[in-house]
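Once you scroll down, you'll see the structures, which are given as structure tokens.
What follows is chain A paired twice: with chain B in the first complex and chain C in the second.
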Partner chain A sequence: MSLVYHPYHLVDPSPWPFVGASGAFLFTSGAVILFHYNDYRLALTGLFLIIITASAWWRDVIREGTHQGHHTQVVVRGLKLGMLLFILSEVCLFLAFFWAFFHSSLAPSVELGSVWPPLGIEALDPFAVPLLNTTILLSSGATVTWAHHAIIGGPAPISAPKGTQGSEGPLPSNGATTSSSLLSTPNDQRAPTFLGTDFRTNAVIGLLMTVLLGIIFTGLQAFEYKEASFAISDSVYGSTFFMLTGTHGLHVLVGTTFLIVCFIRLLSNQFTNSHHLGLEAAIWYWHFVDVVWLFLYVFVYWWGS
Partner chain B sequence: MSEEKEKIVLKTAPFDNRFPNTNQTKNCWQNYVDYQRCIKAKGEDFEACQYFKRIYRIMCPNHWVEQWDEQVENGTFAGRI
Partner chain C sequence: MGSDHSRVRPVLKPGDEYRGWALLLVIVRAPSGFVLVAHRWAFSFFPIVASDVGVTGRIPSASEQATGKEKFEHDAMMTGNTDPFDMSFHEGPWGTAVNPRGVPSHFDERILGCVCEPEATQIIYMTLKKGNPQQCDCGHWWKLVEAK
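This part shows the complex of A and B:
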């Protein structure tokens, strides 16, 4: 790798922006065809391209950051800002659906019987499965913090050879130094312990529990959908309920996938105590999904019933 | 002059504190529901029920009333009667 005299990451040409955009276009058109003609082929093609793009593009990013050392402090700052702006855009998305919900529920129209939930809609009991799901998501927020602190408190990266500053340094001049600065190398005699076992095991258990709690949440939501006495076609109640909880459910699926990727990366020692941007982004995203659920629970499940 | 005899009383629906906004949809609807509840409890000939009917005949567009009457008949009206 040639020496560069600036901290920025100049990316190589990549097919993924084009393939991803094609996938998004085909999935949108395919969804229209699916809804109107019940033909799922184009939608599946688009979805396939999106999944391929997501997998391969982020594989490339992991290679660039972890293995080639392109993620300098400046680059990390840019990636963090990007993630925060992305989450902000997600907030706007949910705000729009919440707006629709409050528009319809605060002054229910006479066609609904002027009551909310509308006459004939039997809302789900907020103190049954939804309350359980609230505790599950809140617990997952705790377990992910446990994992995060186990990584932060873990062993420092082995100091980089003279003249380089490791993976955090402004000069990504030598990619080889980054691969040695990994969490808990077996021979590290300074490896501290926490709760009777080493930090790495704590991180693995904490993250695994977070993923499992996410999967349990999704399972319980699927059960609730199956048991619900109303569908998305049942008045504006069904429309707003399933748009809000459905969009949230999709985000839980994405967040769980993100955490599973982090779990695999943790197992392969890709996180150090000072450089674990992928995990941090996943944690931010997970907390965002968690907070959206709290709003859903309080306003849609509880107040809205 | 026969002023006293020919005096016509014109009375529209009075202001209702429950519906202070410009949009009077709920006023119309509430009186329609109240009338339906009234005649269900007291029978169609009960004099006091006629007040609600007079208000909703004033407040509601006619085609709403026709539509709701049809729904009440079919048991599909979206109100608790």
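This part shows the complex of A and C:
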């Protein structure tokens, strides 16, 4: 029986959990080999497998959701819960690194000169590039909200589908027979506009600006790393600083990639006004990265200097 | 880890100072070109859903875009059916041997959970098979009927 009469998505067998786990294992052990023997080959192999898994697995999810229609409301609820739990686990990760930072900075040991930043460390000026980066990330939060609202308000008002029930069986395809009644929307139902252009263009511009701001942020952070007078091996200050900002920077890279994928999906009209879970997850992730940066800025860059 | 930390800086040639401005020009001009290229690229790699129903210049709605089970659910909800997959709890009259409660199923049997009385603290499960009406432990009568 090919038709199923329940809202759940029973997934097909997939190689990606195994390939991803193999990649994670190889990357972890490869990183140890990289650090101890300066041999990057195993780490690169693991990283390659992880990237392959991420790309192909989420490609599969897009196929299952957008193109096969498996993402019913109850499935969407599960995916949302999964994303929120994932972000919660990320919060715990950053909490651990912040714990290390406060442990070392609130009562600096005598080896550091009993001061924070430790003697000899020239901390970065919090009111230079880090402040600029704060405004960049906050602005990107605004632009992504702009894009999101443009998508929600996107379509012209559509009347309820007439006669789609009962005539074609329980699982109508997205074919011409079903959509013929939807095509005949009156001409006076024009798409809403904002800033002199339609909402779709607004969404495209908003999301593109978010991605560009994310890339600028990463570039400025790379510049800061290059200009910093201390390294990760310079006392516990360097360790906590680069562990925190480095982990955050990696998350910015991942969030930017996530938003770029959403940008491409937006261009290929995969998001509807009521169902754009990939974008919502990307926005949650982006805001999470944003909030982590605010904590980083206030405590590590500002108070910590 | 590297043995040589010294950096070799490239020697500036005449005209190099203009490269920054050229880069700025590329950045300013890039977005429109990038949108065009990305648009073409996306459409060539990703199967187009929206064009099937002719959506251009705006965000499609779920009525136009959804497919498969999602479309089934969406269309049912648009026509007023809030429980398209029959997932909700049913309340109703006591089934008797003469007039049993009908339980819709697409199959030959369905697992049935009965909360026998409002105060009951447990659900009693049974397998309802196609054919004659069956009685659960608390006395209700059930009959499997063909689901539409």
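Going forward, the second predicted complex is superposed on the first by the 270 of 305 C-alpha atoms of A that agree within 3 Å, B and C clash if a C-alpha of one lies under 4 Å from a C-alpha of the other, contacts with A are read in each partner's own complex, and residues count from 1 in each chain.
Rule of thumb we're sticking to: a residue touches a chain if its C-beta (ideal position, glycine included) is under 8 Å from a C-beta of that chain, and two chains touch if they have at least 3 such contacts.
Here the structure is a predicted model, which means the values were calculated and not measured.
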Once chain A of both complexes is superposed, is A:112 in touch with chain B (first), chain C (second), both, or neither? first
Applying the touch criterion given at the start, work out whether A:242 contacts chain B, chain C, both or neither, answering first, second, both or neither. neither
Taking the superposition as given, does A:258 touch the first partner, chain B, the second, chain C, both, or neither? neither
Looking at A:199 after the superposition, I want to know if it touches chain B, chain C, both of them or none. Which is it: first, second, both, neither? second
Of chain B and chain C, which one touches more of chain A's residues? C
By the touch definition at the top of the document, which applies to A:274: first (chain B), second (chain C), both, or neither? second
Complex contact set, residues of chain C against chain A: 1, 31, 34-35, 38-39, 41-43, 46-55, 57-73, 75-76, 78-79, 81, 84-87, 106, 147
Mind listing the chain A positions that touch chain C in their complex? 1, 3-7, 38, 65-74, 150-151, 154-156, 158, 160-161, 164-165, 170-176, 178-179, 182-183, 191, 198-201, 203-204, 208, 212, 263-265, 267-275
Please name which positions on chain B make contact with chain A in the complex. 25-26, 29-30, 78-80
Partner chain B, residues of chain A touching it in the complex: 109-115, 118-120
